[in-house]
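Two complexes are shown next, each including chain A; its partner changes from chain B in the first to chain C in the second.
== the complex of A and B ==
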């Protein structure tokens, strides 16, 4: 058993390439602290991402990382977890990676309930490609690809993920570091698919009201509203305010988590392998004509 | 006595044509015959036209056969839909449902007539004998027994296997129909009798199709993860593995799409397990980006592509060999991805094992390029001694390497670097689609990129000298050559045998490794060659074009290629070879 692991034990020597003041620095610090609190050694953690500014994050940790292709972090992460359920599997990426190009994978990862933690750094803009419209950009936002203002309604990550049936749904902001650290830790500990939408400001292309200073003024902890995280209907109702209110905290935590997909598969494998062993060398025997 | 009999049956879906073919196949294989059955359908789920062809032989069967010896038409409309898949010629005995009326004039090429045309009241005989016209295909089996000497007891056993689960009544009805067919044939002998010889030494054989063989070989190779999405004609691989893999401790994920299927497989490989996905052309198109990821992240992966007619949805239920360019070249950036092609159900086992071995050994995606014919045809195979196949594992870092600053992408002389996986202490690294240095750190350096490209190509150099991936037959100094791959190679082998029997100086080359092009092997093969054919089922002649990219193919070696669903016949290949032999 490894002894105590400090936040710095999860910090890799690679220096982040993010813009100074990027919200993702805060996410990274909170993640180091949350991983330290959970205490799994880095070699037992697989940290999977897609493409985008925030998808660089696995490389800044000492875990096994996989900085894959745009939008496909969830499929890869599910393969990792199902191949080795003993690993702690964390997935991270941006709003474009998760809800635009990779949006088709989200409902399926959730309905399977593979034990993953999915951290989305939602900045309502495409930063890596320098400032285009994202799936969470507010209606009317002027960007280089919406020069006269966006005509599209943004997707609501919280509401969709809740509707798909995720067992743990939270929202955080680097404007509240202790709160974000606790939420990431809770997500990591939740047995099943967990989702944290992190309002992580883009200092270069983001709007003024999306910056940390504005977050500090706007954010409302759900606990202060007396919200009960076991109440799924109340969570859905509160999630509708995405884009107008900045609620932080746990929207929903299933008080009675169902078995995870990886656990169910393990159970079935064990049942099927009981009794007569099946040597691989005899795999053709079923086709023998007698 | 004949050593070989090719029977083709067609009717509408629900007539039981395929079921009759399966009974014939089961009967023949249990008697020690070699046999092969292909099925062909319209793309309707139920109803529509349905056909099968069964080739029985006392010798090993190399392909589904050319012009039919026996053609059975339950109605003309459905029979004719299969065109070149069920060719009728002057040696064909044509049996048809009497009430369908005489055969259409243009069923045979102009100036030719079938050897005999026999109108049989199939439905009526079935109704009288069995009380239902649904047993008419069992009447057909009785006719085949009587006219062509397929042992009745074997056919009866075939019926037992087929119907014993479905109730005594159904079995009895079909037995009566079988007897009625036999009686009909006995009372009306053929004008020119032709009977099938008995196999010399009956021996037990395997009977399965290419998809079953591939799935079995995957299990044998230690595959522990399959991620995929249903697509004709590869779906059976996922179905078989869904049933079998968990019994061997593995996992099958039916993903939400083709991309997720291959993504999960790459994830499983990253996690240290042997992984596979299977698809056909449209799915391969979708998987392409993640194949590139596996190439640059140097992760082992086996991808089975069962080719069907394309482009796009194309001919989803018919064979074609038009995905070679896609398998080899569908990538951005400089990528070398091995492509292996089985030529039969039998060698699908070996090539699947080899695909896993290459993937693990060289840490690369490997494509198995099968096709609809091989994947879905049932074939008798002599028992395979699996103990002669070596199963390779990926090179993993030693405890010492892990303790001393492990570098995942270390630039070794062979290009292969030890591969760790999550859970392995000290092996922690970043796998990435972005270019990376020896440690795995992202880089934008042109120099590092060049070195890494060189490493990723260098590790596959040994494939240039894998002679065992090529079948060569015939006189090494022959001036005449026949080259073929995939299911067409079975026709090429037969044509080659016929050409040799005619005394032609000819040689045959069948590559199982299609890409990278093993230049030394072809150079040596073509050294003596003046004329020849590259035989393949695609409009462009894709192997021919790939060879010309890499080699100086002799000028008079030409492409003999045509679009899918029109399989080659050994006799037409033989005539082409004869023409070339005479021209020299």
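== the complex of A and C ==
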């Protein structure tokens, strides 16, 4: 009755231990469905994550997985992709893992344009460690580390990745399961670095206005605004509303995706193999002459 | 996009409709199992047991529909896939809460039954085939029956304020 690979074929026997009501349950379900739509078998997929609630995702799939070091999911994922370009590589993590501890890796993964999909479950708080300020926490948020309210301006993940030149940038919420599934599928299919910011609420430490009921009331699909995803400047303009408006959909999709880093590497390797052989002795001789 | 993605009701056949009904029950069954596991993990065994019972009920419904489908159409392939069905009768993920009470659990089930009723009510006028229409009407009426069962349980359940927050961890610094 199901397609060749049904969503449950990507579901591992390990049971998620997130808090009941957590947004990540919906993300995981959407991910299973998106993978089923793409149709790649689990042994052709690798999930890489750092540390955090959402970074547990690799364990909940039947694909290869590496729950790695805090903030280091992107460099590890790039290594995995370069070592085995045939793998579909998906990176999953939270806003703290991605934009604080691992923030320095984001621009480099984007500028290299390694063909991977980065799913950030943005809950605006460090949930796993019981509710401290995260890089996307709104100004004024009261937490255990900001009892009188945060004084810091939050990072805008959408604007950040767009500014660094990501070829595919989208935002989703588990409040719209079909929409989120479609966006994840599109990101998986995009040839190059793709990014989906998923507003996945923390049910225990998150603010009331960040919960899914509030998302349902205030989310605005970009398609309903007549946004053209090929228009990068319009995408940048809309992304500025992060934190005030909840836009869902594709902000930007490069209509003419440039070659990926992994494709360029393969091309370079092929070029070198075609060229004149360079015996070690000749290389050494040339070195001594200079 | 509604709770059924990429499916054309205008072209739906009776076989498709039965397959869809089976998958709707399957999704609800799986969601209740997930809820049961979540609540068992979070020290709420009585509600975990309740959701396990709900999962078994949905499995029974699924089995009955599957039997009908096989009797009528054998193992002919389906054009409906599980990934197309989104929370038709399955409760939403954010309806679960750690330490939720039995009353909240019943309210969650009632909301899911109301949602399924709304889906079938909307589907009835969209299909033309009389057999298909009759099937959707039957499924819609079953949801009314299920709602009445849950409402009866709710009436027996004592009114109690949501005390889930009383058990929640205090957000202490680590």
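Just so we're on the same page, the second predicted complex is superposed on the first by the 271 of 290 C-alpha atoms of A that agree within 3 Å, B and C clash if a C-alpha of one lies under 4 Å from a C-alpha of the other, contacts with A are read in each partner's own complex, and residues count from 1 in each chain.
To be clear about the criterion, a residue touches a chain if its C-beta (ideal position, glycine included) is under 8 Å from a C-beta of that chain, and two chains touch if they have at least 3 such contacts.
All values reported here derive from a predicted model rather than from experimental measurement.
Visitor: Please indicate which partner A:177 is in contact with in the superposed arrangement: first for chain B, second for chain C, both, or neither.
Guide: Second partner only.
Visitor: Regarding the shared-chain residue A:148, is it in contact with chain B (first), chain C (second), both, or neither?
Guide: Touch status of A:148: no partner.
Visitor: Report for A:211: first if it touches chain B alone, second if chain C alone, otherwise both or neither.
Guide: second
Visitor: Once the structures are superposed on A, label A:37 by its partner contacts, choosing first (chain B), second (chain C), both or neither.
Guide: Touch partner of A:37: chain C, not chain B.
Visitor: Is A:105 in contact with chain B, with chain C, with both, or with neither (first, second, both, neither)?
Guide: first
Visitor: Check whether A:15 is in contact with chain B, with chain C, with both or with neither, and answer first, second, both or neither.
Guide: A:15 sits against chain C, while chain B stays out of touch.
Visitor: Check the residue A:82 against both partner chains and state whether it touches chain B (first), chain C (second), both, or neither.
Guide: After superposition on chain A, A:82 lies in contact with chain B alone.
Visitor: Between chain B and chain C, whom does A:129 touch in the aligned arrangement: first, second, both, or neither?
Guide: Once the two structures are laid over each other on A, A:129 reaches chain C alone.
Visitor: So which bits of chain A does chain B touch that chain C touches too?
Guide: none
Visitor: Applying the document's contact rule, which stretches of chain C touch chain A when the two form their complex?
Guide: Residues 1-3, 5, 19, 22-23, 30, 34-35, 37-39, 41-42, 77-78, 80-83, 86-87, 92-98, 100, 168-169, 171-174.
Visitor: Give every residue of chain A touching chain B within the complex, in rising order.
Guide: The touching residues are 14, 41-46, 48, 51, 56, 58-59, 62-69, 72, 74-84, 86-87, 104-105, 107-108, 265, 268-269, 272-273, 278, 280-281, 283-284, 287-290.
Visitor: In the complex of these two chains, what residues of chain A are touching chain C?
Guide: 1-3, 6-8, 15-23, 25-26, 29, 32-33, 36-37, 129-132, 143-145, 174, 177-179, 181-182, 201, 203-205, 211-213
Visitor: List the residues on chain B that touch chain A in their complex, please.
Guide: Chain B reaches chain A through residues 26, 29-30, 204-208, 212, 216-217, 219-220, 222, 224-225, 227, 244, 246-251, 253, 255-257, 259-261, 263-273, 275, 289-290, 292-293, 297, 349, 380, 383-384, 386-387, 421-434, 441-442.
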